[in-house]
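I'd like to ask some things about the structure below.
Chain lettering (A, B and C) follows the sequence in which the chains are written, and residue indices restart at 1 in each chain.
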Amino acid sequence: MAVAPAITVLFWLSTATLMIGLARRARLWRAGQRAPVEWAGLLAVPKRYFVDLHHVVAREPYIANTHVAVAGGAVAAILLVALNYGLAIYSPILDVAIVLAALVMVAGVFFVWQRRRHPPKRLSRGAWDRLPYTLALFAVGLLVVIATPAQYLSAAIASVALFFLLAGSAELVLGIGFGAPMKHAVAGLLHLAFHPRPERFSGVRSTALKPLELEKMELGVDAPADFRWNQLLSFDACVQCGKCEQSCPAFAAGQPLNPKKLIQDLVCGLSGTSDANYAGRPYPGIAIGAHSGALDNPIVPQLIEPATLWSCTTCRACVEECPMLIEHVDAIVGMRRSLNLTRGEIPGTAPEILANLRETDTQGGYPKPARYNWSIDLDVPQAVPGKPFDVLLYAGEGAFDMRYQRTLRALVRILKAAKVDFAVLGGEERDTGDTARRLGDEATFQRLAKENISTFATLKFSRIVTADPHVLHSLRNEYPALGGHYVVVHHTALIAELMEQGRLSTATLTNGKPLTYHDPCYLGRYNGEFEAPRAVLRKLGATLREMERSGPRARCCGGGGGAPLTDIAGIQRIPDMRMADVREAGAEIVAVACPQCTAMLEGVAGSHAEVLDIAELVASALEVPA
Amino acid sequence: MGDVPSVAALVSAGRHPLTGVPRACRGDAVAMALGRALAGEKFALFHIGSVDEPSLRDYLAYGADKVEVIPANKGDVDINAVADVVKNFDIVLTGTRAEVAAGSGMFPYMLAHAMACPVVTNALDIRVDQSDTGTNVVISQFLPKGQRRSIASATPLVIAVHPFAAATLKYAHSRRVSGTINVIGSVSAAPARQPSWAVEAAPRRPVRLKAAEKQAGHARLLSAIVSEAKGGVVAFEGTTVDKAQVVLNYLREHRLVDF
Amino acid sequence: MNPPKRIDPRRAYRVGPQGLRRIVLGEISVNGTTSATVEASRRPKAKPLRTTIQPTKWHMVVAHSYRGRLDDHAREAIACAAILAEPDTGVLVVVLGTFQEDPSPLGADRIAIVDDLDWSRYEPVREEALVDAFLQDYCPEHIFLPDNSLGDGDLGRRLLAKQQSSGATHVIEIDRKHIAIVWSSGNRLACAPLPRIVLLDPGAVDANLPFVGAGEKIAVPSTGLASERCVDLGLAPSKPSEIALEEADFIVSAGNGVHSIATLEELARSLDAAVGASRVAVDDGKLPRSKQIGASGKTVSATTYFAVGISGAVQHLQGIKSCRHVIAVNRDPGAPIVKRADLTVIADAEEFMQALITRVAQAREQSELKGDSNG
């Protein structure tokens, strides 16, 4: 019996089905807003897949290898089938290659099945649980059809094998059209091609939010169709692996946020369905099945509760972990923008803080000149137009906090000890607008940014130094889009540089207490600065006891993204969990480098490790020349 | 449901006390929010002053669809003319105190006087009951120490809203941009009834009025000793009952309790 | 021959706040007993009358009493009238509500007590009629009222709107010639000549007087029946513990040292106080976030702030900057709150709260008995 033509028919049928499905899905994506498209991205897919994506997946070797086997085997087999049967070559040599590929796939599928027997809680179940079986059907069907010598291939066996192959192919090709698990393969590859942040693939940490064109009444995401089309596409790429859920500090604290569920909800919104079929862990405290969406329906609250969006600390831990390189934080801020700009619905004390920013240019409603009250006895030079200086010290909102003023005083001592030519803006300094932006108040952010940029324009300096990573991030990464280009360094980087140049003489820390370093999200994940703070601590003779979650995977302190202002209740508090990490590392001092982290970690109830900024540690070890 | 009363709110130009940045006067914005909740479609927002007043956009952002501006020069306006504009409304709302100039809190009283209708101030909440005898407005009034009074009144009436009134203000940028500001009528100036204030150039603290006291040196020294007793007393000794007595004595001495 | 002059080491002294003895100048101990002289020095000397001239002109003060007393704000208004009065000017005080105290130390020369126009009632038309009656009888040169929300600020503005005479509200600075108010809620003042009707902000006048008034009680003129246009439906019962922190005048606040919130709430109830909390107590889930006081919570301006088991982190102290009296209960005498507090009790929070609740209950009972016998 000639099965070969049957395979040819099946192949073309599958291909056609896939294309129809893709066209249907693409119609949904195209409901999104326009986005610049680089078709060259399609050519870059293999590199992006094998380098950038695999770099993330490889953090867990078991599933990385399994996926290589399953996907590699499947793709190879399908390509070979396309060649040999699709083009009706029917070469026995190619058949051997197909068999080899199918065997690799079977091996991979075995490991998928193994894992699915006792899956980690972060994995979604439901339709995903059938994958090992349907993929096995495909591989086995292909094997039987192709590898069995014709004389042994009875009609019965052939038809069973073809049925297997048909069932397996159905899983592969129908996924995209029906939103089943295998849509991740097609959507994932397209997502890599048309990623909203293509610069991520050139080794840049792309973390700046994109400015809204407020004059064109671009006011954030109200309905799914308000996302850019490639964002909608990116949601479809999600494989529900739950890496984001595992790393999310809000989820761990029992706040109603689960990044994986959020992306799945957006998929529901995109495809106009309810979340009833979602088979992963829910948003803590919010039942599954009560929410649904449609492309043009408002997302909040029909699809996603506002508390979910306001729980996010914008720490980017989810983005860091996502093997599909999905940008959760962009989606959350996009929806926050709409809530803020069109409805003004923001919980907690955030409305008050935003009003303060509008009316006083400070978060606390203070008079601007009071920002440098702490420096009154330190003889800090004030920046004057027409008088060039080297470094502009930008204190940020932390300058109003009496605790953080200690850090700033320490920093000024260090700058003076190293004879740095610096100055401050004094009463001219406004908030950077970072908090307003994370809370979705793009109008206030842009106003503050433009006013700051015009203040900077009157001065001549070579770079800006700040002890606040949030200030660092907005000045360095987000002001350029509004026309402000500056060299911005974090105080730890400047101190490291000064030490390197021998401009600071420090003794080793005397008390010898075990010490750990907490990476601020906006310094580490947002700006890739992991080394400078550690270099400084090493120079001080400290032996770092790293926490389990440190560096790029560091756990947030809970202070970012305006989360302390919106203050969504959970079961426990994020800083408490972080302090537990500190305790587990056996540290008695936790070195920090951010005013938010300082405030959050110091606010932990009960006895805990001492919270000291790196500037304070350095200042305490300064050797004053006699 | 009976008829919804018509409500007008008169709002002033607000300024942040520290920075002078134009903003919706807090108390007035709350009055506006209460009025909107009360009257829905039958609500109108008025401002007497300049159509270019920058703070008016803030009222739009806080929820008003439009602001009707009655052009008037700075300073005193003819209150009777203002009364004419709002005389057809059942309820006229104002804030308690303007943020600019003297902020005397006199406006609702003068308006009520000109309209010959009652005025209720420090309103926290307004409820409207429709009955056979007409519209009955029930106002919850702010009193110190967390106490509340209910007052009923017929319409028309003027209500000055307390800044603590339970109204959530939602600021939305899109409304700020899309709302409209219209000019209607005009109000003539009237002779000033407020004292003519001379504003000082430099900030200073007010001087407390103190009775002139002729004291012997001895008495002054005595009072110097007495005044030392203020501040930073720490009670270590004695039983908890004694310590409770120390606290009670302190509270009584400074008239902080009324028993 | 006289014996040589010696300084008696046991001469009269009083104990200062640091526990140091302070000798009392000019006093000499008699029979070696110091107590008598100390008592004598503590006893206030009888103050002279402000004036002995029969008044021909009048300053009038109208103020509501609160639970049978005049608060500091009302006393300041009376003191203001007395200080600004010429020797031939008398001070007439109209107290709306019950008042049992001796009016002379307040500086009142004549006092009319209108028992049935209590602060808790709302009868604006009758109040106006009554004041009108006094205005006709006395034709006061100046009228002073405390600018409060107890009813006096309202009454004063009604008078101003009706009288068409010159007047000013929210007066923060006053002397014989001029008044000043805060301009545009900022930090600059604006001045004007002293008008006829003055509504005083709290703190504009020092209520301590070196003299007393004649304190003569006079009858209340009858005003006839007034028809009110607004109907007073009465006071709504309110629980002090539910008062918003921003408007609370007395706050009892819980920190880490408080284990039983129920006890704390009972203490707050017994003191008619609102309940607040430090950030730590809120983070611990003892009280809701809306109760948090401090830099990241609410900034309060209560007259009395009672910090129980709060160590006083700087952020917390930022939130209570404008509280006039801070009383702290803490186990640790080195806690930062001790430096801020006007009175600190070093004790275990739970035990102390219980003791204070009992003591306050007793004191209330006694004062009620006393009040009954007076009235």
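The definition used in the following text is that contacts are C-beta pairs under 8 Å (C-beta built on N, C-alpha and C of every residue); 3 or more make two chains touch, one makes a residue touch a chain.
Please read these numbers as outputs of a predicted model, since none were measured by experiment.
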**OP:** Considering only which chains touch which, label the overall pattern as line, ring, star, complete or other.
**Re:** complete
Subject >> A-B or B-C - the one linked by more C-beta pairs in contact >> reply: B-C
Original post:
Just by CA atoms, which chain is the most central one?
Top reply: B
Subject >> Approximate Å spacing (C-alpha centroids) for the pair chain A, chain C >> reply: 57
Original post:
Quick one: chain B and chain C, Cα centre-to-centre, how many Å?
Top reply: 23
Original post:
How big is the gap, in whole Å, between where the Cα atoms of chain A centre and where those of chain B centre?
Top reply: 47
Original post:
Could you say which residues in chain A touch two or more other chains, in rising order?
Top reply: none
Original post:
Counting only residues that touch at least 2 other chains, which ones in chain B make the list?
Top reply: 18
**OP:** Using the touch rule from the top, collect the residues of chain A that touch chain C in their complex.
**Re:** 348-349, 364, 401-403, 564, 567, 569, 573, 576, 599, 602-605
**OP:** Mind listing the chain C positions that touch chain B in their complex?
**Re:** 14, 16-17, 22, 24-26, 41, 66-67, 69, 71-72, 79-80, 82-84, 119-120, 122, 124, 148-150, 153-154, 157-158, 160-162, 164, 166-170, 172-175, 179-193, 195, 203-206, 208-211, 229-236, 238-240, 242-244, 246-250, 271-272, 274, 303-304, 325, 327, 333, 338-339, 341-348, 351-352, 354-356, 358-360, 363-364, 366-368
Subject >> Interfacial residue positions of chain C with respect to chain A in the complex >> reply: 256, 279-280, 283-284, 289, 295-296, 313-315, 317-318
Subject >> Contact footprint of chain A on chain B as seen in their complex >> reply: 16, 18-19, 21, 23, 61-62, 169-175, 177
**OP:** Name, in rising order, each residue of chain B that touches chain C in their complex.
**Re:** 15, 17-18, 20, 97, 99-106, 109-110, 112-113, 117-122, 138, 140-154, 157, 164, 193-204, 206-215, 218, 221-222, 225, 228-236, 239-241, 243-248, 250-251, 254-259
